[in-house]
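Everything below concerns the one structure shown next.
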Amino acid sequence: MLRILRKTVLAMALAIGIGGLAVTAQAKTELTMYYPVAVGGPLTAIVDGLVANFMKQNPDIQVNAIYAGNYNDARIKALAALKSGQPAQLSVMFSIDIYELIEQGAIVAFDDIVETADDKAWLNSFFPALMENGRTQGKTWGIPFQRSTIVMYYNKDAFREAGLDPEMPPATWDELVEMGKKLTKAGGERWGVMIPSTGYPYWMFGALAMQNGEVLMNGDGNQTYFAKPAVVEALQFWRDLGAKYGVMPEGTIEWGTLRQNFLEGKTAIMWHSTGNLTAVKSNAKFDFGVAMLPANVRRGTPTGGGNFYIFKQTTPEERKAAMKLIKFMTSPESSAEWSIKTGYIGISPAAYETPALKAYVAEFPPAAVARDQLEFATAELSTYQTGRVRKLLDDAIQAALTGAKTPEAALTEAQSQSDRLLAGYR
Amino acid sequence: MNGRGFTWWLETVAAWVLAVLWLSPLLYAFWAAFHPPEFAIRFVPTAPLSLANFAAAWEQAPFARYYLNTFILVTMLLAAQFVLCTLAAYAFARFDFWGREVAFALVLVQLMVTPEILIVENYTTMSRLGLVDTITGIALPYMASAFGIFLLRQAFKSTPKELEEAARVEGCGLIGVLLRVYVPLAKPTYLAYGLVSVSHHWNNFLWPLVITNSVTTRPLTVGLAIFGAPESGVDWSIISAATLMAVAPLLLAFLLFQRQFVQSFMHAGIK
Amino acid sequence: MTNSRMRHVYGWLLLTPAAILLIGFTHYPTVATLIDSFFSTGTAIRPSRFVGLDNYQLMVDDPIFWKVLGNNLWFALGTIPTSIALAIVMALWVNRRLPGRALVRMAYFTPTVLPMIAVANIWLFFYTPDIGLIDQIAALFGLPGHNWLGDPNTVLGAIIVMTIWKEAGFFMIFYLAALQNLPPELEEAAKLEGAGRWTYFRRVTFPLLMPITLFVLINAVLNSFKLVDHLFILTKGGPDNASNLLLYYIYISAFSFFDSAYAATLTMVLLVLLAVLAIAQFVILDKRIHYR
């Protein structure tokens, strides 16, 4: 008995010793990265898979990918980690956090890290619309990773039932109202369209504003345009969908339950993130289609989602390793895999040229809608004091939709408060 | 007054209706969790049962780790509370030291001003101590519990002095008296306090949310809250399954030890 | 025998470990919060500086602050009296020999052992318009559905109902304990004198429950400020701050806007409110308590 015990102990000691030797023999660069998950599905498993592949190909880099919750959580966690002395080296965070991160002195521009001509070319290899949120002061601070746009999902069976052509979804605001009226059934049994106004109302509003010809802010992060006449009109239209035309419920529409409402047939059309695509595809019991958002003056949608950022508190080796990781995660092959499994957009034209994504798009055309819409896409609302400014707009939108204030009054007030906040940055 | 008249039956029915009403949210969670997603909002009695939601929820978030974290948290916290509060209560109950009344009043402040109220400042303190994103960090502000000190002080005060004297005669020092006389006699109080503390901290949310960043420290409540994916919205069935998994241990313990739970809370309140 | 000097020393020694933690996480942060509220928030490009009462001025000018205070007041008024009254009724019922009373007691107490986050998840479904449970039941009776959480007029009410559901059972337990401690002779005497149940309750039971009511009231007031977990799941304070509460506003000021100075200012208001309410309760109710 004792002999067996001694043998086991010896064997364990040997194993630990060899293991320890192995670990110390390779001086690994360790990277910690936070990432958010913003769409449903086993995304953490997918990220872990990608990261594991990277580590196989790069045995000298150890990556610790930590799921941090939603975009807000990820930013809070990453910044908190920086302050607490256990920093992460890179993270995926909201594309619109850029000004906050710069103000906190947290991130370093990619232009300051890339050295070779290849790398510089790499910075330009992504879809331009996706780079808008990541660029300011003439430099690139964020590289796209999990990006999306808003798309219009519609219930083809409902269209047929209402006598509409299921291959011709509304392409203009007027058509949206007309078709919406035909699709709406009395008594709230089915609505024509639902545009969510909790969660990220400013994001949805960015689409409406652009469709009416305006953007919500400038490229320097210090000026918003909430009270421009065309912007007020856009909010009025949003309100009218419910209050005047009766094709949408009045009041606020809950973001979290919207997909369920669509799948239950409570609404024939929904505006939602392309990140829902895979979930809708697996759960829809009806024939559905995906289309670009309708135009008024022009088509428009904001981009959304998260970018890769590298933190300032990093050593040169860590930065090199982080660059390798980012290049891997945003490579055409990785992007294709990510897009197929989640519904996020492939982030570069090259991604759509990979065999995997080509085949997927050919077999499932809705997957290309978001990509095609990039031509009409603009940056998501992002400024200094971004949390406060977003909340001002969110509150104004909700006040207008619930009838508490007129769109003009709500937006004028939001604009004046925003001016107060941003004056110091001009 | 105790006749089984009409009013008595009316009250019984009312009490039962209220009870059913009170249970309905939990019953709904069970319904949604054990049936496939199509039946999440349809209450068809012949709907098939399924464990797929639990499997999906288990796969989508590391619940095993969350269980472990929560278990470590409440155990560590309870142990620390027992030690610290016993010592402090002993001091307040049996020692007449300078400034005692003032000190006790200051202790009672914590009954109202709990660590969550001072969340910003406490976060900064933790970050200076390097305890952000550790389970110790979650537990530390709660280890000296005014409620615990209060309860134990009551219990110690009501222990007859003769017992202490008897122990002294046998040669026990101050700590000996504490361990031989006061602690054993206050067992009901320890049990009551233990149950209250465990259930309170198992369910605590705001402070753990702020302090934890990663899976290795996150307790169940925080894991459940960040479980719902924001950009695409909720999936009722899976969220119900996740919710049930999060509340199961405490709920099970409650159902099995109902009497003790109720007695504990009652005991704690009376004091 | 230990002399009294040593007892002073021992007393403080025994107290020290707990004292360190209490001072560290209760008393020190209170003072630190006060000091912080007089400075501006520091960032990498603009360090913190003394600003006197500027933060308080900003707060007074902030419409969201007043909305949040108002909400807290309504929330307290809505939840506290109702949940206490309900708790008393529940305790009275459970105390009588009703059939199945153990099950009934369990049903009332169950919400207490659930975390608020779980409760919010479940009630989010209840309140979902059209497909949610409440609207489905309303449909059975031919009543129209409603956007409970999306209508600024109903959102606070909806949250109050959910909170009462969670809290009443918790308070019931304390009342049950108090009721069981009442001497049965009182009831006998009242029966002999021919007093009705309601009179008995009003003149005898309720006044004797005053001490426990004080305890429950303090708990209830504290909870009405502390309990913001559900906002993370249900409304995030919306629509347009209709359901925003002070502690939640403090959280987003500190962790979403990164404005720690403003958060400190708001926290001072919260502390003062708690202090005032605690003192008021002790003073007012102390007069009305019949101690036995």
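We call the chains A, B and C, going by the order they appear; numbering starts again at 1 in every chain.
Just so we're on the same page, a contact is a pair of C-beta atoms (placed from the backbone, for glycine too) under 8 Å apart; a residue touches a chain by one contact, two chains touch by 3 or more.
Just so you know, these numbers come straight off a predicted model, no measurement behind them.
The touch graph of these protein chains is complete, with an edge between every pair of chains. Should one ask which of A-C and B-C has more C-beta pairs in contact, the pair is B-C.
Chain centres here are Cα means. That of chain A falls 37 Å from that of chain C. We define each chain's centre as the mean of its Cα atoms; on that basis chain B and chain C are separated by 16 Å.
Contact with two or more other chains is made by residues 256-257, 260, 264 of chain A. Looking at chain C, one finds that residues 124, 131, 255 touch two or more other chains.
Annotation for chain B: residues touching 2 or more other chains are 41, 228, 234, 236. Per the touch definition, chain C reaches chain A in the complex via residues 43-45, 64, 124, 128-131, 144-145, 147, 149-152, 235-236, 238-241, 252, 255-259.
Residues of chain A that touch chain B in their complex: 34, 37-45, 66-71, 73, 77, 80-81, 83-86, 148, 199-200, 255-260, 264, 272-273, 275-276, 279, 283, 285, 304.
Contacts from chain B toward chain C in the complex involve residues 1-2, 11-12, 14-16, 18-20, 22-23, 25-26, 28-29, 32, 41, 83-85, 87-88, 90-92, 95-98, 100, 103, 106-107, 109-125, 140-141, 143-144, 146, 149, 174, 199, 202-206, 209-210, 220-221, 224-225, 228, 234, 236, 239-240, 243, 246-247, 250-251, 254-255, 258, 261-262, 265-267, 269-270. Interface of chain B with chain A (complex): residues 37-38, 40-41, 59-61, 127, 130, 132-133, 213-215, 226, 228-236.
Remark: chain A residues 72, 76, 79, 100, 103-106, 188, 197-198, 249-254, 256-257, 260-261, 264, 266, 385, 387-388, 391, 394-396, 398-399, 401-402, 404 touch chain C in the complex.
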